[in-house]
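Each of the two complexes below includes chain A, the first together with chain B, the second together with chain C.
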Partner chain A sequence: MKIKKIFVPFDFSDLAESALKYAHWLAKQTNATLCISHVLDKEKVKALQQLAINNPVSAKEYEEQFSETLKIHLDKAAESYAVENIRILKSIESGDLIETLLHQITEQNIDLIIMATHGNAGMFGATHTEQLLRQISIPLISIFQPYEPKAIKKIVLAVDINPTYTEVYAQIKAFQNFWSAKLCILHVVTPNHFMSSKEVSKKLERLVVDSKFENYSIETVNAYNEEEGIMFFAQKEEAELIIMITHQRSGLAHFMTGSITEEVMKQTSIPVLALGTKNISETSS
Partner chain B sequence: MKKILIPTDFSEASNNALEVAIQIAKKPDQDLSLVLMHVVDLDRFFTTNQSGEYVDAKQDPTYKAHLIESAGQKLEALIEKYGLTNAIGKIETGDVIELLNKTVSEEEIDLMVIGAHSSSIYKEMLFSSTTDGVIRTVTCPVLTIRKNQTFKADNLVFATNLDEEHDNVITQIKEMQRLFGSNLHLVYINTPADFYNNHRINSMKDNFVDKYQLENYTFSIYNDFTVETGIAHFCEDVQADLLALAATHLGNLLDYTISTHTSDVVIDESSRPVITFAR
Partner chain C sequence: MKTILVPTDFSEPANNALDVAVQLSKLLEGRVILLNIIEPIKSYVAATDGMYIDASVEQKYIEYLKENAHEQMKALLSEYKGVDIQTHVSLGTIFSAIEEQVASNNVELIVMGTMGVSGLDEVLIGSNTEKVVRTARCPVLTLREKTNLEGLQNLLFATSFEKSQKPILEEVIKLQKLLKMHLYLLYVNVPNNFSTQHEATRKKDEFIKDIVLENYSFHIYNELNEENGIIYFSEDMKIDLIAVATHQRTGLAHLISGSIAEDIVNHSKRPVLTFGMKYKK
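Up next, the complex of A and B:
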């Protein structure tokens, strides 16, 4: 599993700290470089400037001052993680959050993103994680609650029976093998998409044959909706990671149908790794 | 001492049932005796009287006596054929269903073993929707044997809704589990019409197992479009030796031929023994 650069969007919140801790833990195992990024939202700067309207300091100067303060804070935050030969790159930029992050991710050749999901919905009800998720072509791990990193022994792979995931099988296996974890393949049956046990078995068996997974188990859980089933199962199994496959959509289509991956990310206490099927990533080993 | 009742009409299916009952009775640690019973349905037999008219056997005492004697001889022959030492034979006349019920309560029968497809009377009793009510009123478990077989009950499947089973039914199932030395496989069939999530089903199961102090069992949740197809498919999957049902679920399951939802495979469910329990 080739992970050379891990990207952590950082907003100084406690949850971002937790994401950074997790990223650091991963960096130790993979010998990756940690790229910590704080993006100064232009909107925020404007708001702050409004407050300082009586102060004759110019806009640019203000921004520079603010950046300096942030730089000090960011250095401080990264300090404790600079140990054990972990290379850390820090950046502070200002601009549109998502655009800036995307730009950095491409420019710096990032392999994996670790991101705190606050669950605060912005416009159109999407969190920053969700917005990012729709446009990236690399894996992203979402941290929704403070999480103490621990050895990954069980991975829950939530599958949807119908689409095929040939692009991501290799990636999933790479992650699984890296930690020598057991893969618990889960299908959730809901009243709206009911399937008989026989049908589920047949389709999951075919998936297993196509993917050539090893060290796995197959489970079916009945739930009123998919996210409930996934979380119920992951918690019961005490899994350390949930892998979900996103079918990236953008714009109106997504808004209408919603995304189970995003729903799970906003509710679970277990880190969620999202793999997109839009593009094939370079991180398969 | 435990008593097993085998209704017989001297057909091949009845003999299959008898052979299974004998296998069960041979169990070393049990004290089991057999009661073979034949009911002469006088309504079915006709003869002509002196005037050349058809009269049924009820109206002709000589004919009736002849039928009873001939049945008695057949029963004797059966007992001799199998070399049964711990068996008694009973010949009765009248309504089959009433008489079976009467015998079960008077003789304190512990288990009835019956053959399917034996004759139209028995078939009617088993598969007719009006008379399957009889199975529900018989106060002992009824084991239905559908083909000649070496009876084994290592894997006993009990399909349950975990909710409305009567204490009596569970007591009888546990008794049978003990008698046969079976592994009990509980199964809950989840259908779209009556959908529950795993969380809910599992807590119902926990209450159920706790209330009835079940031991040596496995529990599965199995999805299917109807309860009947679910039970049939599950039994196939686990290669059940014996299917246990509360009599309220009987319906037309015994003779169920089903085509699965997505393929043309027709499954004939008629060869697995079924044991039913009334309230």
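Up next, the complex of A and C:
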């Protein structure tokens, strides 16, 4: 599993601290470099400036001062993680959040993103994690609740019976082998898509043959919807990681059908690793 | 004194049932009643061309059948020395003969051989075993093949976890202990009555709340109907004995909705133990 650069979008929130802690823990095991990035949203600066109406400082100066303060804070945040020979690169840029992050990810040759998910996107909006998720072609781990990193012994792989993503299986195996974890391959049966246990077994067995997974178990859980089933199972098994394959739909298609991966990310207390189907080309070895 | 009733027609499944009853009676220190039933000829005659049969001819024929039955029973008994087996030949319909025995002898278990039945016969007539299962006032164990009780390891109790089935679980546990088996508690999830994992588990927890269970495991199996769920699960998990409750619906109600237990009795290759809802312990 080739992870040389781990990218952590950082907004100074407690949750971002948790994500950074997790990233640091991972960096120690993989000897990766931590790239911590704060993006200064121009819109936010304007908004803050509006509040300080009596302040004679100009917009540009305000931004510069703000940047300086941020740099100090970011240095401070990264300080505790600079121990044990972990390389840390910090950056503060301003601009459109998602665009900037995407740009940095490509430029810096990032292998893995670890990000806090705030879940406050409202009904029509999307969280930053969701927006990023739809466009990247590298793995992303989402942290929704403060999580104490611990050795990964059990991974829940939530699968859809129908499509086959053989290329992504190689990546999953790489993660599994890195931690020598057990892989619980889970299919959730819902009332609208009822499947008999026989059918599920047959299809999942075929998946296992195609993917050549080892040290695995096949599970079926009945639930009213997929996210509920995945979370119920992961919590019951006390898994340390949930892996999901996301279709990375955007636009209207996404609005209509939603994304199970994103729903799970906004509800679970366990870190979720999303592998997009766009992931296919490069990291298959 | 535990009394086990074995209705027999001297077929191979019936002989296998007697063998199992004897094994059980040894374990329970009980006795066996071997019962052959001769149904009145008049009912057959009425079905043909209404030819009148002389009463004396009928009488002679019945005597012949009775003698024949006693002969066959004697032969069977010679194989089981030292076991308390009473023999009896009754005249009448199967249900009335069995009900009479159950009532007058305090029968606690009926063990019967079944040939199984399918197709139109199954819908319209049903097997005799099925009829007994439907009407009996005590549990009925049905089986086809020769069975060695000591070799049985996996016991299945398929249940909906309704409160009324709690006494049945308690009886199943007694059997589990007697034969030293692992108990599989199974909930079959069907599309018409979908239950989430969470709900099914909660029902199970509520159900077994005051009951002491050992050496057991809980399973949920999805299938389009309960009977197939129970049979497929039994095949997958190599179940040796299936225990199930039956609602004992009769008449039109039965014709329309059928019964899960009776379907299993008709189609399962394994021994099946049915507990009627009329059954009270």
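The rule is short, and it goes like this: the second predicted complex is superposed on the first by the 277 of 285 C-alpha atoms of A that agree within 3 Å, B and C clash if a C-alpha of one lies under 4 Å from a C-alpha of the other, contacts with A are read in each partner's own complex, and residues count from 1 in each chain.
Just so we're on the same page, a contact is a pair of C-beta atoms (placed from the backbone, for glycine too) under 8 Å apart; a residue touches a chain by one contact, two chains touch by 3 or more.
Being a predicted model, the structure only gives us computed values, none of them experimental.
*Asks:* Which term applies to chain B and chain C once both are placed on chain A by superposition, clash or fit?
*Replies:* Because the two structures are overlaid on the shared chain, the partners are seen to clash.
*Asks:* In the overlay, answer first, second, both or neither for which of chain B and chain C A:Val200 touches.
*Replies:* In the superposition, A:Val200 touches chain B and chain C alike.
*Asks:* Given the touch rule stated above, what does A:Pro191 touch, chain B (first), chain C (second), both, or neither?
*Replies:* It touches chain B and chain C both.
*Asks:* If you stack the two complexes on chain A, which partner ends up touching A:Lys212: first (chain B), second (chain C), both, or neither?
*Replies:* After superposition on chain A, A:Lys212 lies in contact with neither partner.
*Asks:* Mind working out whether A:Lys150 is in touch with chain B, chain C, both or neither, as first, second, both or neither?
*Replies:* So A:Lys150 meets neither chain B nor chain C here.
*Asks:* For A:Ala223, select first, second, both or neither according to whether it touches chain B, chain C, the two together, or no partner.
*Replies:* After superposing on A, A:Ala223 lies in contact with both chain B and chain C.
*Asks:* Would you mind listing the overlap between the chain B footprint and the chain C footprint on chain A?
*Replies:* Residues common to the chain A contacts of chain C and of chain B are 189, 191, 194-198, 200, 220-224, 228-229, 232, listed in rising order.
*Asks:* Across the complex, what residues on chain A touch chain B?
*Replies:* My answer: residues 189, 191, 194-200, 220-224, 228-229, 232.
*Asks:* Under the stated contact criterion, what part of chain B meets chain A in this complex?
*Replies:* Listed in rising order, the residues of chain B that touch chain A are 190, 192, 195-199, 201, 221-225, 229-230, 233-234, 237, 260-262.
*Asks:* Inside the complex, what are the residues of chain A that reach chain C?
*Replies:* 189, 191, 194-198, 200, 220-224, 228-229, 232-233
*Asks:* Taking the touch rule as given, give the residues of chain C at its contact with chain A in the complex, in rising order.
*Replies:* Against chain A, the touching part of chain C is residues 189, 191, 194-198, 200, 220-224, 229, 232-233.
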